[in-house]
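The structure under discussion appears below in the form of structure tokens.
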Amino acid sequence: MGTENILIVLLSFMLAGALIAVETKNLLSSVISLGAIGVGTSVAFLFLMAPDLAIVQVSVEVVMIIFLIRATIARDVIPQRGHIGWGALAVVVILLGGLMAFGAYAFRSIGRFGEPIIASVLAAPSNRYLEKGLQETGAANIVAAVILDYRGYDTLGEATVLFVSILGAITILRVKGWARAGRQR
Amino acid sequence: MKGMSVIVKTVTRWIKVFIFLYGVYIVITGHLTPGGGFAGGVIIACSYILLTLAYGKEFALQRLSPRTTAGLDSGGALLFLVAALYGIGYGGIFFVNFLQKRYPGRAFQLASAGIIPICNIAIGLKVGASLFLVFIILSVLRITKEKDGKQSMVKRWPEGKEEE
Amino acid sequence: MSSILPPLLVAIPLGAAFLIPILARRLGRLADALGNLATFALLVIAVLVFPARGVYQIGGWNPPIGISWVLDGLSNLMLVVVNLVSCAATLFSIPYMEQYTSKHKYYSLFLLMVAGMNGVALTGDLFNLFVFLEIASIASYALVAFGGRHEELEASFKYLVLGSIGSSLVLFGIAFAYAATGYLNMAAISTAITGRQSSPVLILAAVFFLVGFGIKAAVVPFHPWLPDAHPSAPAPISAMLSGVLIKALGVYALSRVLFNVIGVTPIIGAVLIAVGVLSMVVGVFLAVGQWDFKRLLAYHSISQMGYVVLGIGLGGYILARGGARSAAALAMLGGVFHLANHSVFKSLLFLCSGSIEFATGTRQLKEMGGLRERMPLTRTTCTIASLSIAGVPPFNGFWSKLIIIIAAIQAGFAWLAAITILVSLVTLISFLKVLRYAFLGPLPEALKEVREAPALMSISMVMLAVLCAVMGLLLVPAVRELVLDPAVAALSQGMEYARGALAGF
Amino acid sequence: MVYTLCFALFLVGLYCVLTKKNTVKIVVGLGIMEYATNLFLVLLGYRKNGVAPILDKTTNPLEFLARAVDPIPQALVLTAIVIGLGVTSMAIALCIRLYEKYGTFDVSEIRRLKE
């Protein structure tokens, strides 16, 4: 069975999981379905020859599900159903359906699955990384060479994103935001 | 939170060390094998999260206080920034891999690839610290509903005290 | 190009933001000092960098291989505007943020937001744009909720959800662009797609970028988060959000991507014009009925962003239709100039509202009144800013609106000019209402003891008010050639951008 | 086909965010969108019968160049995963605080702000 078929099966499974996550009335099952999708993504990364990503994805996944369950579900498992009004719902569905159809049409103009753009654009930076990465950076793991040398600045940005979001979360969870009381309305 | 049963605690005590070491291994060999600072950092954080889940927060917080964690978080980020800025001193270029340019190590050795391993360690430190921090603040602290504008007893994690 | 200055624009705010939580946890004064020092240094550096043109290769890798920064007229103008407003806002924060707890976290988040915006303005790489966009956005989500009260949290959540949708769409757009070309460098993408812009996947990418950056810019119909988020933040943050964030992450990024990377087509130009007009009209009519001072200002932000988008979109439309370059340049000049002007007067207005709130403890216009004698300085600055935003002659807002109107008439869109004038009139009415209710009329009993804002807050307001009065001078030909024309040239060169950004200027 | 399925996953997430009225559900929707985007990027880089972009001592450089999958999307996704984690933790923090203030996860009850 080719990678493409495996991925189609995997993606169908993830899509089903997503539908369950979206439509179930139980928040706990919703979060667990999200976890299943995450694990599915991680497995897909393995099949797509991205072991770094598979490791990161699965560990981030575990942490995120722990957060979601401990932080929110533990508080309130009342079944939730509501959604926006039917008229708005119809508009959203039509819009997304249109987008879906156009997307399916548009994907024909990029290379077929399994034929990446770097195979046809020889000047693409990726080919340079694959060819000279070891020699220029000394790292045998080309992905590490890309994230920490060729595109190291991105990684600085990424570390900053993590820093800012943790700082933001701590800020939001302060006991008291306003020091001056009483003069507010 | 009192922690879990004796069995879980015993298993955790043994496994924790291995998870931690595995994380460290992934960080320091990130430039040779799959993994790297992020993956390793998350795994290191997981070892502490496991400890917290099994033993309760007091035990874990004794080992690693939130203030230390926050310091490590900032420290890791600073180390990375300094490694990037150091390049300005060397040839005047932001983010240049100055070590590799000066001392190109032998490929496939642990000591190779210039600043990449250093950056990996900085990131591992940062990611591990910040994930553990966010885990503590998101799930260990206890929050109750606020009703009728009156807040009932709120227990916060230790850093809550620092906020005046 | 290799200079030590551009990296500092990102490194200083990042370094200060990482240091402040370690050093200044106990010492609020130290946080004040570090924060202000950092933003002041940034302003100086931004002014020094202003005349520079060129490509800065990070890590020493040539453009398509590594990430590069591209400094041209538009990005340098954006840098000066961002750092100017942030300098005024941090100065204002010293007394104002005493009302809140944990000032060190505030400064840290503030500087991270500034770092994000500087990064967005500098970058010449699509993915890097996304990363820095996220830094600035996440910092702003946290800052909106800084007070931690009901409305602030609610506004922040709304902002976070819409903002994340925007970011996801941008990332998907980047994926499409990569799939079509194999590059991430904007200039390289632009070269690779020249001549095949009508490929469906690129249309999809353009749509995703339009919606994604449109959400960040809060243009109608993607505006619902703004009237909640901007008033909920502390006043200096409102000034930053309305003054520069929606421009740096929204309009600047959008025009950079659409004009210089994807290439503007008549359809894109027409969409921008439509969105601009819609934002102008909807924003101003929603604003008229507001009684909450900051909320009123927030709706006006939507309306004023409409002017900017209209000016830029009109220029793009004329260019794409092969019209006269001078007409297109005039329209873009109006848009870019209004962008700079709006940063100044809208941040001043938000700072004034903060000053009034600081003194009286309320934001409701109906609860104010008679402040003209109690707060003479705030009254003066607020009047100047109001006249600016309404487009009354000597002040800066007038000139940029005038240019947009002339450009619209020249391009044969008399109806656009008419709408612009109408919206301007409604804006004037709305701000006359503000001035009437806040400063005139009898002084309510509760406000008898109100005092003028502290000195530092006043200094920062006066600084911006002076700018409002003198920014019209930017149109003097010699100055214009130095400041505004390079920015317009950066936009109107369109796909020519690539040649410069790949090879160095 | 694979691309389309992945895009569908993204749209399901978007649908969830746009239509659901529960803060946790919205966070779940954002998570689905994020996974789909990441997966899409990696799908773009896959090469038929490809190998991972990691060299070892025995690899033949020419064969590696012809067979390795595209490393750029992997680098980007590594960044995007961490960014997603950051956004999600912020969102969870906000959910907790909103719950604390309003006693519910239901958006329709969280309405202090004027329309």
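By letter and in written order, the chains are A, B, C and D; residue numbering begins at 1 in each of them.
Methods note: a residue touches a chain if its C-beta (ideal position, glycine included) is under 8 Å from a C-beta of that chain, and two chains touch if they have at least 3 such contacts.
Computed from a predicted structure; not experimentally measured.
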item	value
Identity of the chain that, by mean CA position, is farthest from chain B	C
For chain A paired with chain B, centre-to-centre distance based on mean C-alpha positions, whole Å	21
Inter-centroid spacing, chain D versus chain C (mean Cα positions, whole Å)	28
Rounded Å distance between chain B and chain C, as computed from the means of their C-alpha atoms	35
Numbers and ranges of chain A residues touching at least 2 other chains	51-52, 56, 60, 63, 67, 71, 103, 107, 110, 117-118, 125-126, 129, 134, 140-141, 143, 145, 147, 149, 151-158, 160-166, 168-170, 172-174, 176, 179
Sites on chain C at which at least two other chains make contact	14, 18, 21, 58-59, 101-102, 127, 131, 134, 138, 141-142, 145, 148-149, 153, 156, 178-179, 184
Multi-partner residues of chain B (each touching 2 or more other chains)	33-34, 36, 38, 74, 77, 81, 84, 94-95, 97, 108, 127, 131, 134, 137-138, 163-164
Arrangement of touching chains [line / ring / star / complete / other]	complete
Touch list for chain A against partner chain B, complex	51-52, 54-56, 59-60, 62-63, 66-67, 70-71, 134, 136-141, 143-145, 147-149, 152-153, 155-156, 159-160, 162-163, 165-166, 169-170, 173-176, 179
Chain A-facing residues of chain B, complex	26, 30-36, 38-39, 42-43, 45-46, 49, 53, 73-74, 76-77, 80-81, 84, 94-95, 97, 100, 104-105, 107-108, 112-116, 119-120, 122-123, 126-127, 130-131, 133-135, 137-139, 141, 154, 156, 159-160, 163-164
Contact footprint of chain B on chain C as seen in their complex	2-4, 6-7, 11, 14-15, 18-19, 21-22, 25, 56-60, 101-102
Contact set on chain C toward chain A in their complex	14, 17-18, 21, 58-59, 61, 64-67, 98-102, 105-106, 108-109, 112, 115, 119, 127-128, 131-132, 134-135, 138-139, 141-142, 145-149, 152-153, 156, 176, 178-185, 192, 199-201, 203-204, 361-362, 364, 367
Parts of chain D lying in touch with chain A, wherever the complex brings them together	1-9, 11-16, 18-22, 24-25, 27-29, 31-32, 35, 38-39, 42-48, 50-56, 61, 64-65, 68-72, 74-79, 81-83, 85-90, 92-97, 99, 104-106, 108
